[in-house]
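Two complexes follow with chain A in common, the first pairing it with chain B and the second with chain C.
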Partner chain A sequence: MGSGGKFSSASAGPTSRGSAPGPAAQSPQGLDKPAAQSSPWVEKPAQTPQRLDVLRKVTPWLFLLVPLALLITFTYVPVGNMIYYSFTDWDGVSPERNLTGVDNYTQLFTRPELFRVFFVSFYYLAASAVQIVIALYFATVLSFDLRFRNLFKGILFFPYLINGVAIGFVFLYFFQDGGTLDSVLSWFGAGGDHAWLGDAESANTSLAGVSVWRFTGLNFVLFLGAIQSIPGELYEAAQLDGASRWQQFRHIIAPGIKPVLSLSVILAVSGSLAVFEIPYIMTSGATGTSTFVIQTVKLAFQFNKTGLASACAVVLLLIILLITWIQRRLVPDEKVDLV
Partner chain B sequence: MKPSKPLGVALLTTAMLAAAGCSGGSTGTGGEAKAPTDPKDVSGTITVLTHRTDLVQSGAMKKYAAEFNKTYPKVKVKFEGITDYEGEVKIRMNTENYGDVLMIPAVIGKNDYPKFFAPLGDTADMEKKYRFTGKTDVGGKTYGVASFGTANGFLYNKAVWKKAGVTDWPTTPQEFLDDLKAVKSRTDAVPYYTNFKDGWPLSSPWSNSIGSVSCDVKANDKLASDKKPWAASSDLNVIDTLLYDIVHDKYAEKDPTTTNWENSKNLLAKGKISSMLLGSWAVTQMQDAAKKAGENPDDIGFMPFPVQKDGKFCATLLSDYQQAVNIHSEHKAAARAWLDWFTEKSGYAAKEGAVSALRSAPMPVTLKPYEDNDVEYIERSEAKTGQVNAIDNASEIGLSKQDYRQKLIDIARGAQKGSLEGYFDELDQRWGEASAAAGG
Partner chain C sequence: MTALPVVDRARRRPRVGTVLTYLSLVVAALVVLVPLVVVLLTSLKSSHELAQGGGAFSLPEDWLNLSNYVTAFRDGKMLRAFGNTAFILLFSITGTVLIGSMTAYAIDRFQFRLKKTVMALFLFATLVPGVTTQVATFQVVNSFGLFDSRWAPILLYMGTDIVSIYIFLQFIRGIPTSLDEAARIDGANTFTIYWKIILPLLKPAIATVVIVKGITTYNDFYIPFLYMPSEDKGTISTALFRFKGPFGAHWEDISAGAILVILPTLLVFLFLQRYIYNGFAAGATK
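Moving on, here comes the complex of A and B:
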């Protein structure tokens, strides 16, 4: 998602510039224009107009050379390779690999246990909904003038800055038998000795809880940024008209941040389907907490079925693209106009 | 949000072409890694890949190299300690640049050895001198020599067992369970610790016991033709039933999902855990932990898997990582010289308290209890390991992976639905189907 967006904006600018004819063309910035005309050093015609023209056309591409090379080497070639592997029976090391056609894909869709792991995603999907609501609530509250506003912002965003591996380990102690959670609960007299990661349901709920704790900060910051870009006069006007806080939220904030909200939903859905590090570090997929990505990793690196695992990855990619597409259809990316 | 279309298509095409271009595999060239006749003649810089990052960091490997240079002055040895050894070396082996001497990663299929490693000699000759050569024998040639080997068995805290009133080694799984019961009722110790969270203690030690039950050198090879490896009274059935019973009868730790291997060493040393199934390599580590905790290191005991055949215990003797020479190496003679010297003269195995790959070397002190009680060593045949691994991978069971035993434990403690018989049937069926597909 991120790289696609950056790429399109980077390529659109220079292409339109490159097609501009002649040296007299107005440069978009308008910055080098006065310099070229008034500067006494550029007076002597060292270069012929044609050469200048070629240079002008080539220059943006020269600038793009490095990012494009990086993009192709590290994004498109691996993706191409992955798609190719998904049609082979490669084991990941052997110099031999055979083309097996769509066999990997047939396996994927005919073996129910390979698709069943998607049910685990529903835990994370539910958690994302909770996460978005919490983030939205705090973003709204903290966008108004409050005491210790910045402190609270920091506290909410902090978990997102911690490395996922560290979070996994911290929460392993947290959920341990007689660990932090148990002792905190016992202060309130609710202390049992529940094995939080002991059975599938409570393990998945616990893990989803960790992911809420970690990612709320990101959603919060996105929402806060969007809310703060809404002009302040609107609130003032609304207040003069007697609108309550809820009415302000309902009619000013909610429509104002619609694009960010829809982006968050896409990220939440694709994130829920591709959950990996928290369950992998904390339970390594045991006790029914295996997700689609954990299963893919296990197929590739435990059972040496790189071909099948690549097919899994391709299917996951397609599912996420499909969901994004449907989502963009349902909620088109229109300009927000509050006034 | 929309990328310019023609460019996107062009990039994708380039990517596809690049992918197709990469598909050609390389096959190894180069001859045998012969041992040099005159130490003064060999020269060159060799790189040794090792999973023992601790020894590289502590400088112990450098000391070995310095010692080696006394005999081979012109060879320069460099070490590369790799933390995620399996994962990283596997990927590097797609290139030609994977050191001169390396440990053979477990993922490399046995039949692929000739493509990656230089042959070290005819197995018929090699096996006279070294143990465990069968593991790397492909077509009569040996491709790797074990860095060391270990015997399998239960580590236990003697003081705790004594307190529970148990002095003799249990001879049947039922006796073992009874002993755990005694430990549970008479001491505060956890009778058995699964190390469920870290996982690997559920994989290799248990699967390495295949052979201890039937006392059969060919126990592992039989899996290649066995359609139902979990059938009643088979090795795997006995092994996995014991694990199931331990957990089902609540002799294991209360919350297995948050266990910790490093901590378990202290707990065993302090007598808070009574037993764990591991290899003899763990004895020295536990003794160290006991010393650090101020306990008596002699309390760390080691006993064989609780099954007897004709009144005798059998314990499997297995090799650790096998060292091999990269087939693309430019200094094969130097690499071979290091490999031979490290196996025979460095004293590495003895230092680790492990069984040396050299047949002539004496058994380590850690195995003295085995020697005293006439435990028979089973040096498992590895002739069909390639086929067994192929079936294992195809079935996605993973005999040397943790997942299927984690599920077994989950069933035993009621965290997942199912029964022991039902699970064994499922495993048998998966193995049978994979075995048919893999042409076993």
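Moving on, here comes the complex of A and C:
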């Protein structure tokens, strides 16, 4: 790709030539180019403008064809169908389905056993609050120079990378009667044997604890990244002015990581509503630990109530969209645009 | 990631603060490590040892007792599970990289009608949590005859990954358009430019996407659980989940299975730490 080659093809390039066909384009090449090279010049103009125009219009769509097909097939078609199913009594298998209007929605909001699962979310919501506070504390601490900084960073983040099923088993063992947790507690003279997953309250608290263990690392890494993108001079200036650690946190770090903080809050809220893996693996939703998603999955795939399950899913989707919308309102400075 | 500058830390603050800071870090590290270490210890004990009691923290008699691993590997069909997971990983990651980079290229480098609409479609899809639409997605997958096939999770992983599009888009914006123009002048068409110029320059972004996507796919439970119920199609998540049945209360085997699944993640993490931190930070915030 020499510069000479670039130059000569530049004048033949479609962009510079497309709009200038005919004799006007032919006259210069007759002067300084041999006839043999001129043949492509003569042939092109006849069809170039139209073909190029079409080609230019089609090109981006060729790149977008597969992505859009997948996006529509696996996101938009399901969302559309789901809304439709939610107004039917379909069982998911038989060819017949009857429109039942808002019956599924009335059931959902009037049958307390269906609605109760929402309250389980509060355990996870509380856990998310704990998780964000812990992550914020360790991110702040570890953004300063400490011994074994990278080791602690690695240990705190690692649980987030572990397979959910493995985590489920690790903690089933951990919470066993006379298991790890009981042993640790007995060292401090507390407890003894306790069936941690035995009743609804302690089971949900235990499961929410597992979720803190698992997800704190993600929040921690997000906060750490945000804190480190704050220019170091700010701290130096603050320290020269005699600002304490707490003042530095309050006035430099907190405002600096506001967008990430608000993102974490929104992820925490929608995540708390959509908990599935850990309770399903550990308790299968027994002893009052069933969450909204576990119930939906059971309704759809065990009890063949696709219509009712779809209504559940629509309600969950609407709540999450609502929360996201509120968050975007409250923190408008966050960049969410694709371009 | 470098440490922030610290001005005479030790002198200004009382020693107690430093001690408390380290204490909190050590406690946190113990909270993370203890449950894992206990499972590791259990995986090395014989069922006889476990039956005798002796507590969760008692050490195994024989540190090299790997028989539980053999049982978990063989009876738990872990080899096939690793094979299935590798197959799904290979195709879904390749697909995600190609699809994500093509989308980002088309959106960033072309002006076309409906561009705003296309972007809005992708943007709105980020707000729809995958778990909520699964009931209806299931019907779509089923209608393609893909239920209980390894292609179902592959297509779902490729089709729903908007995070990778974001990562590529961020990166592609940093590649000067003059490179495209120079290539175009040399006679390269759009596809050649994408394939020969953009894609090779996207290497760092590709590394990020491969790592993030690889770890989340490796760990995913929900999709293989719903879409591939038959035993021979188990991924490591669903194969491990099946330990609940046959191994019942055989915690030494279950522990060995869990450690087998965690080990590859640990190795990847140790070798690629820095990229993993950056990748997750980029994936979640952009």
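Rule of thumb we're sticking to: the second predicted complex is superposed on the first by the 282 of 339 C-alpha atoms of A that agree within 3 Å, B and C clash if a C-alpha of one lies under 4 Å from a C-alpha of the other, contacts with A are read in each partner's own complex, and residues count from 1 in each chain.
Operating definition for what follows: contacts are C-beta pairs under 8 Å (C-beta built on N, C-alpha and C of every residue); 3 or more make two chains touch, one makes a residue touch a chain.
Everything quoted here is computed from the prediction, not taken from an experiment.
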A:59 touches, of chain B and chain C: first, second, both or neither? second
Which superposed partner A:94 touches (first chain B, second chain C, both, neither): first
Partner chain in contact with A:199 - chain B first, chain C second, else both or neither: first
Partner chain in contact with A:126 - chain B first, chain C second, else both or neither: neither
Partner with the higher number of touched chain A residues, chain C or chain B: C
Partner chain(s) touched by A:285 [first = chain B, second = chain C, both, neither]: first
Partner chain in contact with A:79 - chain B first, chain C second, else both or neither: both
Contacts of A:177 with chain B and chain C, given as first, second, both or neither: first
Which of chain B and chain C A:70 touches, first, second, both or neither: second
First, second, both or neither for A:296, with chain B first and chain C second: second
Where chain A meets both chain C and chain B, residue numbers: 5, 15, 71-72, 76-77, 79, 81, 92, 173, 179, 301
Interface residues, chain A side, partner chain B - complex: 4-5, 7-8, 11-12, 15, 71-72, 76-77, 79-81, 83-84, 91-97, 172-173, 175-177, 179, 193, 195, 197-200, 203, 283-288, 298-299, 301-305, 333
In the complex, chain C residues that touch chain A: 1-7, 9, 13, 21-22, 24-25, 28-29, 31-36, 38-39, 42, 55-57, 99-100, 102-103, 105-108, 110, 112, 115, 118-119, 121-123, 125, 127-129, 131-140, 155-156, 158-160, 165-166, 169, 182, 184-187, 190, 194, 215, 218-219, 221-222, 226, 236-238, 240-241, 243, 251, 254-255, 257-258, 261-262, 265-266, 269, 273, 276-278, 280-281, 284-285
Residue ranges of chain A touching chain C (in the complex, touch as defined): 1, 5-6, 9-10, 13, 15, 57, 59-61, 63-64, 66-68, 70-79, 81-82, 85, 92, 134, 137-138, 141-150, 152-166, 169-171, 173-174, 179-180, 183-184, 213, 218, 221-222, 224-228, 232, 235-236, 239-240, 245, 259-260, 263, 267, 270, 274, 276-277, 281, 293, 296-297, 300-301, 306, 309-310, 313, 316-317, 320-321, 324, 336-339
Chain B - residues contacting chain A, complex: 1-4, 7, 11-12, 14-16, 18-20, 22-23, 25-27, 87, 90, 93-94, 105, 107-109, 112, 115, 196-197, 199, 254-258, 393, 396, 398, 401-403, 406-407, 410, 413-416
